[in-house]
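Look for chain A in each of the two complexes below; its partner is chain B in the first and chain C in the second.
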Partner chain A sequence: MSSNATLDVVVSDVVTVNSLIKRFHFVRPDGSPLPAFSGGAHIVIEMQDGDTIRRTPYSLMSSPLNTTDYQVSIRRDDEGRGGSLYMHQQVTKGMPMRIGYPANLFSLDKRAPKQLMFAGGIGITPFLAQIHQLLKTNGNFELHYSARNEKLGAYVSELKQLIGHRLHVYYDDQDQRIDFDNLLSTQPAGTHVYVCGPAPMIDHVLTRCKAHGWPKAHTHFEHFAKAPPGEPFTLELRASNKFIEVGENQSMLEAIEAAGVDAPYLCRGGACGHCETDVLECDGTLLHEDHWLEDDERTSSRKVMPCVSRFKGQRLVLDR
Partner chain B sequence: MATSAKDLPFKQETYRNDFTFKNSPETVLRAPFPFDKDSYMYAVNMELHRDGRPGTAFEAPIDVDEHYVAEMQDRALVLDEDPLRYQSLPHMSLAGWDTLELLMTCKAETYPQWFSLTRNGDNWHWINRPMGIDQHFVFGDESTLPYGPLEYITRQAQGDFCVLDERDDNLWMDAGMITTQADWSLDFDIGMNFFEWHAPVPLAHEKGIFIRALKYLRTIQQGNPARRLNWTMTVNPRLDTSPENFHIWGPENTHITPENVADKLYLRIELQSFWRLPRSNALLFPIRCYFLSMRDLSTVPKWATRMHRVLQTLPPEIASYKGLDNYRQIAIDWLAQHDDGSPTTEGPFPD
Partner chain C sequence: MSQPDDSAILSRPRYGKLSPVEANFHVFVADDSGGNSILSLAQSVPKDFFNDAEIIYINTKPVDNKATLEGLEALGCPRLYTGPTIKAALPRINASLERMRMGTQVYLAGSESLLGLATMIAMQVGLDHQALQTEHQGSLARRVQCVHCKGITDNVTTQPANCDHCGLLLLVRDHYSRRVAAFQGVNINAEDPSDIPVKEEMFS
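And then the complex of A and B:
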């Protein structure tokens, strides 16, 4: 069932954070508080980009203790399909927009005696919200934040003020590197690890956690895959008895929605599993981009996550 | 306050000893009858909890009915005897505040004549007129309430409440207020995960029901609650059929006779709903119990007919698990007078 609850909001501010990142503030039209949320939650922003409706997930960075507005920071991606470009170029103060209710796929384990956080670049945003929550409950945490250079290190000065010595910043251009092996081998028992950043950083942290014997249940990551652009293809929806075209800059899920077919979704970033769809016939290659499917499901071409994955070949039939 | 409790339509009645509990005819008609066809099998029978069908128990997101005050008095008695019916592990405090907020706002919005909530930042003022409660407190500060937030508000809300923490791709029974249960124990299940606390259920594991149900529950979002119905049968309108008190109610299972079955045997319906809690990301799982005696059922011809057919065709494993073996045939024999063999209409609602 895909009838996700949505909120009508107004853009109350657009702030340039640095040369790549803008921050967007959303309020309710009547100024009343937005729904409470938990640190690590994201919202899906609906964008009416010409004839296309794009829905893209962004982590909430504002304090869960203050929901007079929601804030997200968006890094411009010049190579993407256009979601971040739309936000950077088209969205202005005062514009009405629609967003989904907050949903959390990157929740803190509230039992942990210590939270160890690794952020890379724009991956800092969910930690900002979590830190506000941890400060309120006197939680024990430590944040290691790496950015390309000082200019692109968003929110470093705010964080220094907020959490002082619990912040450790690393700049690539100064050859500063997070010493994962040292950190992962010197934590108190029961610590939980959280990582959000570029895919190679997440992979590296998970690999090092495994090497140091960390239990899987104590390692948490969030990475929203992006639906990459690609060659257009034809898709058959067997249950709806429709043939549809998936455009170059369109995801399968967006094409399914544009055809008026109701399809479930939650994160739209290949992470939550909500849009998992059975593949009935596949004459060609599925280009899986998600973090959800198991390896055997991927190689057998029986399942696909239409929010991020694509197809190359002659014929693809989905049970939708 | 302007309205005194005795002006309100709440019954003085008991769920134990003399069992004076009784449904008014209107309350019978609004019950969430659990069978949408003439047979029953386990299924992932989830649907969105937001249709608000007038004149039914689904009309309000959190239903309050004529039994409210009596049910809360019964809960207080259970807690006096056995405080472990309420438990909350230390990491569930935030989920308790989430629950308090959800129940207070739902009730104040749906029933402004009975409940009111005034918020000024974190300074909240809660009035519960049926129970004579007028409470100022600071949201988030446990020292300003007579109980922890979860216990405080669930002493004022009908039905049981499980609070499930979500982690490790699973749900964990880490807090709850359980006094109106169909033979399960929070003290036994506390800290268990979804598969562990469902382990005793027959047939459903083999059908993959719980794997699918967990997958569904984990995707429940804020603003989009879901629900399902479950059922069993109970001798006497006894809310507290707990394992802890089996020695009290267990023997009553053999007390049903053809003469007393109409008024002594009850269909026990559970309206289960599922809510994503905003600050804690936990899931709130209220289990609200509705009783219909066999005589209550007979006032709705479609329901009596269908109950007859469901009991006749129920798989024996399910009948045993639900504890119906001692009286199932007696109930079938009594209900037979309401089943002339003609087809019933689709769906659960009365014709």
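And then the complex of A and C:
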């Protein structure tokens, strides 16, 4: 069962951060504080886009010490299925919206004597919330932030003010690159590493961590996969005894929800594992897009994460 | 005899088998027959593997361990420390783990007390217990914390066992604390102290 309680909020501000990024502020209609969260948490924003309800996860960037509002920064993705475009084009100040309660899949390990953070582009957002938390608790950290150029380096000046020399900024167009190998080989015992950014950056950091002998328990990453558009297909839901169509710009999870079937979810980005579903029959190919399943589960065609993954073939039956 | 895998208690540590992983540096901590786990790992690594390694070997039975020690010396490790007891080696283990850089793989092999104490030290310097490799060899004698007086009794091999500190007769549980590296001991005859169960050798 889905137990995803939602919060009714009002958009209290929409701020243009740069040519690609807008920041959205949400408050409760009565102005009372929103539920507490910890740095690294995300919310799922519900978007009523015509007949379609989209639900997309975004990291909270505002301070966990101040819950009068929640803030998220959203980068416009012209190639995506339309979630970010909806936010950029349709959402205005004063609009009522619905969001999920915060959930954290990228929390700080507070036992760590040092936190080493790598951000790429819009991946800066969860670190902003974490840094507010670390400043309050006098935590030891350093942030390495890479952006395409100065104009797209969102929040660099705010961060400089906030954390000074603990911020290291790298601009692609000035040929500045994070020296991962040097950083990963010189950290004191107990350091934890965190990375959020484009998928290739995350893959690179995880690969270099492994090569340098970093234990898995000390490496953390956050990447919400996106459900890619694709060919429409028919899906059989055995437990609900339904045949449904999954549209070109719809995820399986969205199609399941649109059919009135209550399916579990949390992050909707292939990271948390809540929506894992048993595949009963599969005549075709599952197109896995998640970070959750193990390799053998992927190849076995017996499990699928309907929030981001698709299918191509004749017949797919899910235990839902 | 109680074996790690028998227990239904989740906190009861389980151990694996040491296997070499890619890392910038390797620290080995072993006691007595645990040294053989290092020698066994050494058979499957390149010759220069131990150039970037440190071995801390606790040799409580120099006569029995003669061959093991000679084997460890032959590995050509630039830092090989040998000490007479776990207690004597604890500051050394602490110093080595404290100054290590991330990218160091820690391997522990030997008695349950050594595995527990070295894990405790590693956690104190900030390492996650899952970041360590462990292999059990030799004694299953337990460190036991009396839940009543909090005193710790080393080398407990019987069930029940007396607390060295307050004297209560304790049921030695599988319930384990990584923080104090000890199994929990609970008074076994609180209702009737005259009911004294026979001690059996359980953890040798």
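The rule we apply is simple: the second predicted complex is superposed on the first by the 320 of 320 C-alpha atoms of A that agree within 3 Å, B and C clash if a C-alpha of one lies under 4 Å from a C-alpha of the other, contacts with A are read in each partner's own complex, and residues count from 1 in each chain.
Keep in mind that, in the parts below, contacts are C-beta pairs under 8 Å (C-beta built on N, C-alpha and C of every residue); 3 or more make two chains touch, one makes a residue touch a chain.
All values reported here derive from a predicted model rather than from experimental measurement.
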Clash-or-fit label for the pair chain B, chain C on chain A: clash
Contacts of A:37 with chain B and chain C, given as first, second, both or neither: first
First (chain B), second (chain C), both or neither touched by A:113: second
More chain A residues in contact [chain B versus chain C]: B
Touching partner for A:217 - first (chain B), second (chain C), both, neither: both
Contacts of A:58 with chain B and chain C, given as first, second, both or neither: neither
Touched partner set for A:292, first chain B, second chain C, both or neither: neither
First, second, both or neither for A:188, with chain B first and chain C second: second
From 8-16, 44-52, 116-124 or 134-142, the chain C stretch with C-alpha clashes against chain B: 8-16
Residues of chain A that lie at the interface with chain B and also at the interface with chain C: 109, 111, 216-217
Residue ranges of chain B in contact with chain A within the complex: 48, 90-92, 94, 98, 101, 165-168, 215, 219, 221-224, 276, 278-281
For the chain A and chain C complex, residues of the former touching the latter: 109, 111-114, 184-191, 193, 210-218
Sites on chain A touched by chain B in the complex: 1, 3-5, 7, 35-38, 40-41, 64, 100-104, 107, 109-111, 133, 137, 216-217, 264, 266, 272-274
Chain C residues touching chain A - in the complex, by the definition given at the top: 21-25, 97-105, 123, 125-128, 130-131
